[in-house]
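Each chain carries a letter (A, B, C and D) given by its place in the written order, and its residues are counted from 1.
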Amino acid sequence: MSLVSTRGAARPLRIDGKLVLKLVVLAILGVLVAAPLLRILFETLSPGAIVAWSDVTSGRLARNLLWVPLGNTLILGVGVACGCVLIGGFLAWLVVMTDVPFRRTIGLMATLPFMIPSFATALAWGSLFRNGRVGGQTGFLEGLGLSIPDWLSWGMVPTLIVLIAHYYSLAFTVIAAALATVNSDLVEAAQMAGARRGRILMGIVLPVALPAVVAGASLTFAGAVSNFAAPALLGLPVRMQTMATRLYGLIEVGQTARGYVIAILLIAVSALFLWLGNKVISGRRSYATITGKGGRAKRFTLGNARLPLFAVAALICLATTIVPVLILIASSLAPSSSALFSNWTLHYWTGASNPSIAQGQAGIFSNPFIVSATGLTMGLGVAVAITTTLIGLIVAFVLARDGKGPLAGIINQVSFLPLLVPGIAFGAAYIALFGAPIGPFPALYGTFALLLIAGTAYLLPFSVQTGRAVIQQVSGDLDESARMTGAGFLRRLAAITVPLASRGLAAGGLIVFVKIMRDLSLVVLLFTPTMPVLSVLAYRYASEGFTQFANAITVVILVISIAATLLANQLQAKSQPWLKS
Amino acid sequence: MIRIENLVKSFGAFNAVDDISLSVPEGAFLVLVGPSGCGKSTMLRMLAGLETPSGGTIAFGDRIVSDGNRGWTIDPAQRDTGLVFQSYALWPHMSVAGNVDWPLKIAGMARPERQARVAEVLTMLGIAPLATRYPNEISGGQQQRVAIARMIAPRPSILLFDEPLSNLDAKLRVEMRTELLRVHRATGATSVYVTHDQVEAMTMASHVAVLNQGRVEQFGTPEDLVRNPATAFVATFVGTPPANLVPVSVLPRERAASLPAQASAMYRPEDLSVSAIPIEGSLAFDFAEASPVAGRTMLTGISDSLRITAVVDAAPRFAVGDKVHFVLPEAPAALFGANGERLS
Amino acid sequence: QNYDPALDAMSAEDLLPLAQQEGTVTVYSFTSRIAAVEAAFEAAYPGIDMISHDMSSTEQITRLKAEAAAGIASADVVYISDAPVVFAELLGPGLVTPYVPPRVVPLLDAHEREPLLAQRLSTKVLMYNEQANPDGAPISNLWELTTADWTGRVIMVDPLQRGDYLDLMTEIVLRSDEMESAYQAQFGTPISLDDGVENAGQQFIVDLFENDLILVSSTDDVNAAVGTLGQDNPPVGFTSYSDRRDNEDEGWALQVANDVTPANGIIFPAVLAVSANATHPAAARLVIDFLMGDDSETGGEGFKPFYVAGDYATRSDIVSHPDAVPLDQFNAWSIDPVATSNLRQDVGDLVLSLQ
Amino acid sequence: MIRIENLVKSFGAFNAVDDISLSVPEGAFLVLVGPSGCGKSTMLRMLAGLETPSGGTIAFGDRIVSDGNRGWTIDPAQRDTGLVFQSYALWPHMSVAGNVDWPLKIAGMARPERQARVAEVLTMLGIAPLATRYPNEISGGQQQRVAIARMIAPRPSILLFDEPLSNLDAKLRVEMRTELLRVHRATGATSVYVTHDQVEAMTMASHVAVLNQGRVEQFGTPEDLVRNPATAFVATFVGTPPANLVPVSVLPRERAASLPAQASAMYRPEDLSVSAIPIEGSLAFDFAEASPVAGRTMLTGISDSLRITAVVDAAPRFAVGDKVHFVLPEAPAALFGANGERLS
């Protein structure tokens, strides 16, 4: 495939278009991702820091520094990935392929947990299951007189559950996008074979969307292993450490080199998993479910199971979205974090400055910054979502259409790495690399552009993974028939691949949007003080102990995210008339 | 036994299947033929339970399996039917053997038995060497055979075929139809078979239904249809080659004489002869094509929108555009009225 | 040095015209209270635009190092906690330079002027629930925390998650002699050290961890665990004295345990420095001068946001907040950032080996 | 002109196309026939530039467009070829009209002209009423016609068809082939056409290549192939119905007498007759099927793996399993050696 359509005489020494495209992609990734990562690596190799490697991997501290947290992390990663794929896959199937009632609502709710910060989900867990180990307020169940054992209050089990409750929506989003394009005759063929619903789901629907399942598993795995809030809140009281809490702590107490070594090791381990996942989907199998024979999208009737399955879905949504959202909203209204449902006041939202409350902080809507910050944050979110989706699309296209060989392997791995790099390290590397002028390029320090580029690189994995999963489902002959017309690469991408994969691309874009809206570590390092974004404002409040204000801002972010989701769904429905059934 | 009563399927305002009633006994081999878009696949999909009728009923034996008037249909899984999809609908993520094996697994068959069955049907369809390939690694005709293998392996008691041999070469098609008939007979199943191949329809069918625009034009045995087409549509649709229908108004005067003016006259191709010069009872056409069939030559001529075909023992060589004079027999084989109804 | 050394000796009045010429000044601050300072500063010195950037000490350090690597001078003033790390990572390599406004030199102790200017002091001290302990602190000796009475009832932030708690642990080791006599006072016998334990401070840390010390991830978790009203048997924990000011809003009953042998915790500085490559050196000094407060009892506008109970001004002429134990009666160790930064990693490794 | 030299395409160790050389002049209508999986689609895909050959070259006119030896191929966009995919490859997100329109848009055609062209081809293929539907809202045969419409609308100078009429009914197929030929002639394009329909091959082709296992078995005019099959394979593959091949060893003694023992004798179906009782020169088979063709009856008998077909004017009625005696003419029409080579 050629990037530019150069008509003219045959040139016998033409270089292979596919190779060119791969090299271009690799160059982009090299600049965006590999360079900052290498910088982090080199930082651990400097004479003063290199000892960190032996400390972490083999010294007497290695057990507590690395091995035990690594073990916990892997359990979390694998457990969360499996749980998320199962729950997300189940809900996606229910929403996309069946006639379950209120499926739009379920579909919307299932995308929310990822937009709710994981600390809120962890708090929700605590407010139900917390026991007296730590002291302070105990949870609802102990309040009823039940005695909750430590393993249910603290440590691995609640962390796993909370992380699954938080991340399954990622898997849902990706898998739902893929399932929306599954030709219903594949399912019908399974029905004809006499298979029951569960068998069809596990035997045909999920396997045929395997790229999406793997993408969902990869993203949730990475999310779980790098999540700090949940293990810190729920694991620390029983001294459960993960790589993420270790990493955060080491950077926080100034042992940066050790922290970066841990990060690099985490990346290496995750890369192994990613490689395995990639191996599974880049074999000879095809996952082309959108074929050139105009497949129908049909909903399957659930019959008697309709209400029970709806109940299950509703329960999941209730537990993972409504409860945390209520807690979040309550904690933006309640003066005391230990009595979330009493003495509610709108002060933290709209109140004017009152010296007796929160040192005279006015409510967030009375804060002049909040409006400009909201605009700015959304601008940043939209800009990053667009650039990330565009670059992710091209990377995903290359991986999906030509995913074999070492070059593709490298592209795949490199484009996934940013997910595992601590934002602060990534941000620092970006300042160091792009802060100063490079050749003809001006210094980007303190500009919106730097944030845009860094945000793009940082969030690329989301769009690559989601994009790849859906593009793999578009049968190759659809692109080939467009090649026959003489259309160039970009033209085909825009007219054929993008519309067919649009649901997945939109899902990826939405995740990126939500993620950058909430991200702090990257933004705080790269942004200039004069341009506050919402997450920074929330951080300011939180760091002074004004959690209600911080939570109010989190709710604002959540509302924006939901609005964006609704908008995307709306556009989606309009732009895909052929999918109506 | 399959009994279909007043079956209707509409997509919006459009009736893809429009009030069809017919029934065939158990063990029958019902062939559906009809022009592209007449509702054949829709019929099969309703028989399979994949589509709920908009009206009418389908009964297998004494059991009503779909009732369009009440809007319900028994789940495909509980009908013991198999369907070869027109689009194959192979599972792209399973190998050829995997595709055939999965339904057997669902049926709860033991592993060794399954392996034997898979090997058996793959061999029967000549695709055993491809067992480990994936659907995207085999040719169109090979894919089609995998679709057939997958359907017949569990030996369902109702076999539904949607143009199952359309992408096979003539030789293989002849062999395959023998195999399919053998399966049909061996299992005592009832089959419904959609095809565009006249020879297939004639040799395989115990019953043929000719559909047109969602309705049954004629339902009967293959011989019936060829010998006694009930409508002009059937006359021009069935047969290799099908009969010619010439409006009385364009007939040579000597042939039109005793016929009603509004009618159309049917002539069988083998009753025509050709001549290089106009003679009595001849009509001039532009030569279109000639092809050897069964040791004879099939000649086609076109004149405006009228197309005529003659099968002759020996034909002079014509070039495209030559005038050919088709000589009509004294009396037409049948006469049809203005609305296609048979007059005599 | 890219600035005129004479600046260091100038008074605020002398700096003002130069600063106004510079026009703007950028402050990296570890506290969001800088926003209030910004408003006050701009009111006091019209014509100078102060830009404050709020980020944690860790982020400041990371950012300053990255900026230095790229040759960027973005910050002018660095207002930061985590003094031990700052000394090692910023001051040592010369990324920041010290500055003490001449007018406050006589008001500060030497260790508050060097190596960097300390503006105020914060605490990590032992707190208890005064509702459950109406008769006063349940603890009078740190070693009590290692006894069976307090198994699973002492709470603090993981010292490997937050630098100030690591500083607390370090200080305990640095004060091993005092810990040793406190042991004698508590148990009546001289301390015997475990294998591989070098001193009483380390022994205390080991015993504390083995007594099921509960670790959490943030100070607020400690506050809620210790302070929440209505508990029968609340734990005690190390947290910031100043958090007591939230008692009413949050429904807490936090109170400091002041009479603890040998000390109830640590008191440590928030420091001010000028970025080594400051592009607005005069304005930077003016901001630091402003942040040090005026000569009134409460420090005036520049110090106002920091004049709260539990935070202590370093200036000897600013009196302690009336709601708090006065600084001279406060029984916490004042940390030595230099000594701390030397020992910190070792203590961290000890804590690590206990988890 | 298309010149193919030593063309090879391998998938791993398997050669789908195995050293094919042939050339046809500009304006030719080359038909490829061959059994399922013999490499026809692969050939077309290489001609289209979608696949790089593993060896050999393809030249359009004087210009080499693919060189497998050096591993390069000119982009499909620069070949001015059109391909009707065996799998249709319709764009599911575009309406029928949209599918046909898009290539015209790419070609830079102005809007009114495009609209006219789209309407023209849709009408020609009888799918104009479906213009606003999406591919999943039309039947299989209708989809296939959309695929044809999309390909011919921009009038490429090389037309590649992969079984373009396989899902159409016989009547429509006859009309469509006339239309396609008209397009072919009107644009002066060179066409390569894959089909399994013998009549299509015979009536449309200026040249026919019979492929088998990736190789050319015979290349020539349609008449050539039927009259003078070069190999046993061609003899049994081409023709309606194709010729019978009987090993000399099973021939009745009186017929085998003068023939080499290892050879196989070819008999044309129309040269055979049938008898209900054994007579001189007859061979007994089990009756398999009968079907009326061109006013005659085509009878097929099976005995072990041997299958024989006769076309007779009038045939008694047989039931499946009856013994039928096929009477062979005195001398076979041709003789083939053990490896399929023609002996006489």
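The criterion applied here is as follows: a residue touches a chain if its C-beta (ideal position, glycine included) is under 8 Å from a C-beta of that chain, and two chains touch if they have at least 3 such contacts.
If you want to know which protein each chain is, UniProt gives these names: A = ABC transporter permease; B, D = Sugar ABC transporter.
On a predicted model such as this, the values are computed, not experimentally measured, just so you know.
Novice: For the interfaces A-C and A-B, which has the higher count of C-beta pairs in contact?
Specialist: Taking the two pairs in turn, the one with more contacts turns out to be A-C.
Novice: Find the geometric centre of each of subunit C and subunit D from their Cα atoms only, then give the gap between the two centres in Å, rounded to an integer.
Specialist: 87
Novice: Could you put a whole-Å number on the gap between the CA centroids of subunit A and subunit C?
Specialist: That pair's centroid distance is 36 Å.
Novice: Whole-Å distance, subunit A centre to subunit B centre, using C-alpha means?
Specialist: 52
Novice: Which residue numbers or ranges of subunit D touch two or more of the other chains?
Specialist: 87, 137-138, 140
Novice: Pull out every residue in subunit A that's touching 2 or more other chains.
Specialist: As it turns out, subunit A has residues touching two or more other chains at 291, 293, 295.
Novice: Hey, which chains are touching each other here?
Specialist: Between chains, contact exists in these pairs: A-B, A-C, A-D, B-D.
Novice: Write out the stretch or stretches of subunit C touching subunit A in their complex.
Specialist: 26, 31-33, 35, 51-56, 58-59, 61-63, 65-67, 69-72, 74, 82, 84-85, 88-89, 152-153, 155, 158-163, 166, 214-217, 220-221, 224-229, 231, 234-235, 243, 246, 249-252, 308, 344-345, 348-349, 352-353, 355
Novice: Could you list, by residue number, the parts of subunit B that touch subunit A in their complex?
Specialist: Those residues of subunit B that touch subunit A are 48-50, 75-78, 80-83, 85, 87, 89-94, 102-103, 106-107, 133-137, 150-151, 154.
Novice: Show which residues of subunit B lie in contact with subunit D when the two form their complex.
Specialist: Spelled out, the residues of subunit B in touch with subunit D are 11, 33-37, 40-41, 86-87, 137-142, 145, 162-163, 166-175, 177-178, 196-199, 202-204, 226, 236-237, 239-242, 268-271, 288-296, 298, 300, 302, 307, 311.
Novice: Touching subunit D in the complex: which residues of subunit A?
Specialist: 1-2, 5, 7-10, 12-14, 16-17, 290-297, 475, 477-478, 480-488, 491, 495-496, 499-500, 576-578
Novice: Within their complex, state which residues of subunit A touch subunit B.
Specialist: Subunit A reaches subunit B through residues 183, 185-186, 188-196, 199, 203-204, 207-208, 210, 284-289, 291, 293, 295, 303.
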